[in-house]
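Here it is, the structure in full.
Chains: A, B, C and D, in written order; residue numbering restarts at 1 for each.
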Amino acid sequence: MSAAQIRDGDAFGGGAAAGGRVLTPGVDVSHKTILYLEDISVSFDGFKALNQLSLDIDNGELRCIIGPNGAGKTTMMDVITGKTRPDSGTVFFGQTIDLAKLTEAEIAHAGIGRKFQKPTVFEQHSVFENLELAMKTDKRVRFSLTARLDSAQRDRIAETLSLIHLAGAADRPAGLLSHGQKQWLEIGMLLMQEPRVLLLDEPVAGMTDEETERTGELCKTLAGKHSVIVVEHDMDFVAGIARKVTVLHEGSVLAEGSMDEVQNDARVIEVYLGR
Amino acid sequence: MLSIQNLNQYYGGSHTLRDVNFDIPQGACTTLLGRNGVGKTTLLKCLMGLVPAKSGALMFEGRDITRLTPYQRAGLGLAYVPQGREIFPRLTVEENLRMGLATRPRGASIPSQIFDMFPVLRDMLGRRGGDLSGGQQQQLAIGRALAMQPKLLILDEPTEGIQPSIIKDIERVIRTLAQQGEMAILLVEQYYDFARSLADHYVVMSRGEVIKSGPGEEMERENVKACLAL
Amino acid sequence: MGPLAQTVTRLYGRRGWSVLAACAVILFALFPLANLAMPKGSLFYISDYTVALTGKIMCYAIVALAMDLIWGYTGILSLGHGLFFALGGYMMGMHLMRMIGREGQYQSELPDFMVFLNWKAYPWYWSFTEHFWYSALLVVLVPGLLAFVFGFFAFRSRIKGVYFSIITQALTFAFMLLFFRNDTGFGGNNGFTDFKRILGYHVATSQTRMALFMLTGAVLILTLLFARTIVASKFGRVLTAIRDAESRVMFSGYNPVHYKLAIWTASAVICGIAGALYVPQVGIINPSEMSPANSIEIAIWVAVGGRGSLVGAILGAGIVNFAKSWFTVAFPEYWLFFLGLLFILVTLYLPQGVVGAFDEIRRRIEERKLGQAVRGSAA
Amino acid sequence: MPTRTISAALGLALLLAWAGFAWALPADLVLAVAAGKSDEQVAAVGRLVVSGDAGVEAYFKALLDGTVQVAGGKRVLLVKDEQAADAATGEKVAPLPEGLEDAVVNNRLRGALESAMGALKLISPDRAERLAAVKTLEDGAGEEMLPLIAKALAAEADPQIKKSLALVQASVQLKSADAAMRMAAVKALAASDNPNTKTLLLGLLEKKGDNFSEPDAAIRAEAQDSLKAVQSRLSVGERISQVFTGISLGSILLLAALGLAITYGLMGVINMAHGELIMVGAYSAYVVQNLFRTQLPGLFDWYLLAAVPAAFFASALVGMLLERAVIRFLYGRPLETLLATWGISLILMQSVRSFFGAQNVRVENPVWMSGGVEILANVVLPWNRVVIIGFALAVLLLMWFLLTRTRLGLFVRAVTQNRSMASCVGVPTARVDTLAFGLGSGIAGLAGCALSQIGNVGPDLGQTYIVDSFMVVVLGGVGQLAGTVYAALGLGMANKFLEAWSGAVLAKIAILAFIIVFIQKRPQGMFAVKGRMADS
């Protein structure tokens, strides 16, 4: 399913985003890589946020991305999710989908889910409704008017609820959840969209130790079924879950490998301790 | 100069500052170290009053400033060089520096030693702050703070994303300021070498708590490095 | 239970439905009896004035519902709803003018104002308006189309918040100027008035008035149920989601533009219908209905009642307008002071409006009860 | 009141006359005027005028005043309170002869006399008087004036007067029976820049029945050419006045919008009461005017000097009160701000109504602002408009100075760019907000003071400007002073030029429509702030 086909769901064309009808998961991962970033550069009035960044994510892998402040981690996510357009370079989703051509909504539809640093959930809606709204289904107006949940869908919501440890709070307004719970709910909402790729921006920021613990578990369970990209400052957390770690610095990849590899990498030490 | 007493702060569900206690003496450079996300910046924001402290007290020259607004604290002589510089992008360099005179009497002029410390600022007086390079912006931010002629200078990661040459200048400036002895300096860093070379005293934070502190010479012996490495 | 029963229960609980039924009884039984059957002066007599006033306010209540859908639930403050209301009114007005026939002062086929401008024939857009159902169609189409076209461009270019409000205000302002002109063909600043008959019945008789009154009541109840259906549907939940976190809605794969456009147009159509009911009851429609002031007043009805609560919208429209009609009789010079204060106080102290306040009070009481219960059990 | 000055001058002449000053008018003509048949009378007036003798003026004045009497149908006397003088010679006549009867002055004669009186001024030594005289003649002079005009023309030195005099001559000659003369006249008229000439020439070309009012085809052709010349000259004037009115409207829009450029553009407060702050300014101008009229009428011409600051501070005060009492609780909640400030506007309007009454009040221009400067025959720039354009510029400069050159201005800009950092360097942000809002409101007050000079002042004065001002700021780009200026002037111009062919209302609608479409395309306005700070 290519960008062109995604567009035809779009009743108005132009700037309007995808009409929101279901996409059969059609990402071509024949080369077992699901996300290609090549020579991406982005600069805001002079300041180079990304500098020739190149990065591949394998299908189903769990990748941690670390780096000092201003290394360009968030900007990278913005580029992948279409929030920021790269000045140069290419972003491909699978073999065929050029993300630079899609709008945010279209990208979300193509199967890339993103959790923001600051958790954004629908505060007025119950946890259940939050998940229901996020659930992968036909999302065009006329269907939303008559939409009813069938038992299968209810089961899926229940499933996710327990996965994110909110089964007990299903009917509470999301606004009343604790910070950590909101983070989870947001992850849960991403899962309801059955994304191929999950971008988690500082998932444990502001979580209690216990919540952090559980989040780590969650990330591990998600990997495999989805490709998970975690951007995090908390090194203990990263060390706990990381299989492959990428270190960004000044807008490009400084080192890549297992946790120990990067820990012993001279350049990384230089960046983190040196000067 | 400033003493922090049992400071506590929460963000969301998490306890970002846990009973933080330490003093910042005059005429010395106190460096606060720790990895990203351990609460260093939150602590500084509490000191400036940008985020309210949940409990605990801040005593500045023996006076309780815990409930004062940021500009009242600035008036008492706290100057803040925030992470990411936060210079005023659409003001010229000169105007940015003049903002540092807000607490001083009318007609006060920009102290000339600022230009001696950062000559580049003199050449750029007319440029818009937003058009400066990262390094220049950092120097401007420090200059702005110095224009306030503060008693306590607070710097949050002044070396972040800056080319080494400028880092050397900044290091020199901070050292001279500390040695002049009129002001106390609180320097937040995550880069060991830089911190080590300036620290008269050091404080290490992890997960919102102070886990180590002492005179700068002891940093090796206490193996502070280990607390910062991955 | 059957799908209908399901829908029914989803809309309102037993209590809700019975309240609704009670209102229906008052509107369709009590009012007609007390107004037509009771002798004047009797204790139970309801004057024509009261009927007219209530009818008028029910029209406003319908508008308030429309406003609540777009503002309270979707978070888009429109300052142009007065325009859609007026357009609906004008469309109906055209038909009523046609129905005057030769009974105008100039005894001409054409409405007096056209004779006055010595026009020889109806302009093209008046054609067919002599047919009631065609006019009724216009009542829905004209506001709907305008809203659709305007909304399409506005939402597509991501115009949000206050920008949108200001632009809608400019829109209605422009239309007001347009309708003030004589050669626009809508009677200039006098608008339409002196209506004689509707569907062959004379508009002035209390029977016709009562019929219109009951019709309005019915439409009000239907609108309420319609709005309730929307709000209770997934569509409605998406709207609220757009209000609270539009970016997240987008990242969840919805296209906010379509949803906004749909509710915006629907809301405009409802306003049009309300306007069409309003005109024959009040007996006049003129461009001042399009003045920005009127549109903003609609917003305050909803704010007073409580945004995001349909009942609240109706309450708000009722409270403000009854207050208005009382003030303007008792001491007119103070009405604007009151209205102005209302704007300020509500925004400052009653963000959730009357309904919100009631809920708050109820919660407090329950808590106290709970506390007492706990203490009781402790003792 | 020119007639008054004239009669004063005449009175002087009469006094001289009584002093026994003598002159010699041809007695037959004097008699013909006083007692002849209608035609003779007019003709005689013409010939008397040509003599240009001082006595003529006195005589005609007396005729118009009805103090001329004829003794026994021979001798003409000027009779004033039981004293008489011979109209022809001016010497005293006593005792009053018997059988005096009033000289009858019918309308035709009266007309002839009046234009003659005007014409006499043509040879007055005072330039201004001669100019005035020419002007009166431009509005139509009889053929009997021709000789006098010729005489004056010969004597006239001043080029301007000579020019218009020549035109007058031509326009009179058009009526002459002699074709050659008419031809010359038509040629001469080509040089005119007076709208009347246009009608005059058109008059020649229009048909009376089936034959033209100008029989000679050659002359008609010539007239065509002259007409073209005149019209092109006039159209230049029309262009100029159009541009001027455009600029004038632009300056008014600018004044109305400048305050909003601060409160909305910089501070982001949706102030629906902005229009009412303008109104407050206008009413304070009205109050000051009344104070001057009653307290120091001598200085009335200078009341604006007091009104301008009064307007500024009145509105500024109101504005700061609002900011303290309401708006500051709503920062960051634009829609609520919109509603609350609307409420404020209602209250302000109603308070003014109950205090000054619902009907409009009139604020008079000081003398030096009334009237206008004529730059072409058909272009007169009213002083009050000119002054307001200047005033708008002054306010613009003042605001620019305050924002860029003063401590407060620096703080305001800093706070709007980065509130928390500003407070970290010691700026009392809350107070700066109040002052900034006060400044914006005060400038709105200045706008009101200006508006009071060009139109009526009423409680809903503000309502008419609120939409416009918002449109200007939005169109110019929020937070962009330059943008605001361009937008204001642009809208003013566009409005006036559209008006020319579509009429005022449609023009306004077209403009609004344009803006609505424009905002769709460029939601940040003409001068969007670029780069990272764009969305802040």
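In this section, contacts are C-beta pairs under 8 Å (C-beta built on N, C-alpha and C of every residue); 3 or more make two chains touch, one makes a residue touch a chain.
What you see is a predicted model, and the numbers here were worked out from it, not measured in a lab.
Enquirer: Between A-B and C-D, name the chain pair that shares the greater number of C-beta pairs in contact.
Expert: Of the two interfaces, A-B and C-D, more C-beta pairs touch across C-D.
Enquirer: Name the chain whose C-alpha centroid is farthest from the C-alpha centroid of chain A.
Expert: Relative to chain A, the chain whose C-alpha centre sits farthest away is D.
Enquirer: Using the mean of all protein Cα atoms as the middle point, what chain has its own Cα mean nearest that point?
Expert: C
Enquirer: Approximately how many whole Å separate the CA-defined centres of chain B and chain C?
Expert: Roughly 58 Å separates the two chain centres.
Enquirer: Between chain A and chain B, what is the separation of their C-alpha centroids in Å?
Expert: About 34 Å separates the centre of chain A from that of chain B.
Enquirer: What's the distance between the Cα centroids of chain C and chain D, rounded to whole Å?
Expert: Whole-Å distance between the two chain centres: 48.
Enquirer: For chain B versus chain D, what separation do you get between their C-alpha means, in angstrom?
Expert: Once rounded, the distance between the two centres reads 65 Å.
Enquirer: On chain C, where are the residues touching two or more other chains?
Expert: 156-158
Enquirer: List, in ascending order, every residue of chain A touching at least 2 other chains.
Expert: Counting only residues that touch two or more other chains, chain A contributes 45.
Enquirer: At which residue positions does chain B touch at least two other chains?
Expert: Only 130 qualify.
Enquirer: Please give the residue numbers of chain D that touch chain C in the complex, ascending.
Expert: Going by the criterion above, the answer is residues 270, 272, 326, 329-330, 334-340, 342-347, 349-351, 353-354, 463, 466-467, 470-471, 474, 505-506, 508-509, 512-513, 515-517, 519-521, 523.
Enquirer: Using the touch definition up top, name the residues of chain C that touch chain A in the complex.
Expert: 152, 156-158, 230, 233-235, 237-238, 240-241, 243-245, 247-259, 262
Enquirer: Which part of chain A faces chain B closely enough to touch in the complex?
Expert: Interface residues on chain A, with respect to chain B: 45-47, 66, 68-70, 178-182, 202, 205-209, 211, 233-235, 239, 250, 259, 262-263, 268-269, 272-275.
Enquirer: Which residues of chain B touch chain D in the complex?
Expert: Within the complex, chain B contacts chain D at residues 48, 50, 69-71, 74-75, 79-80, 82, 86, 88-91, 95, 98-100, 102-103, 106, 130, 144-145, 148.
Enquirer: Under the touch definition given earlier, write down the residues of chain D that touch chain B in their complex.
Expert: It comes out as residues 407, 410-411, 413-414, 417-418, 420-429, 529, 531-533.
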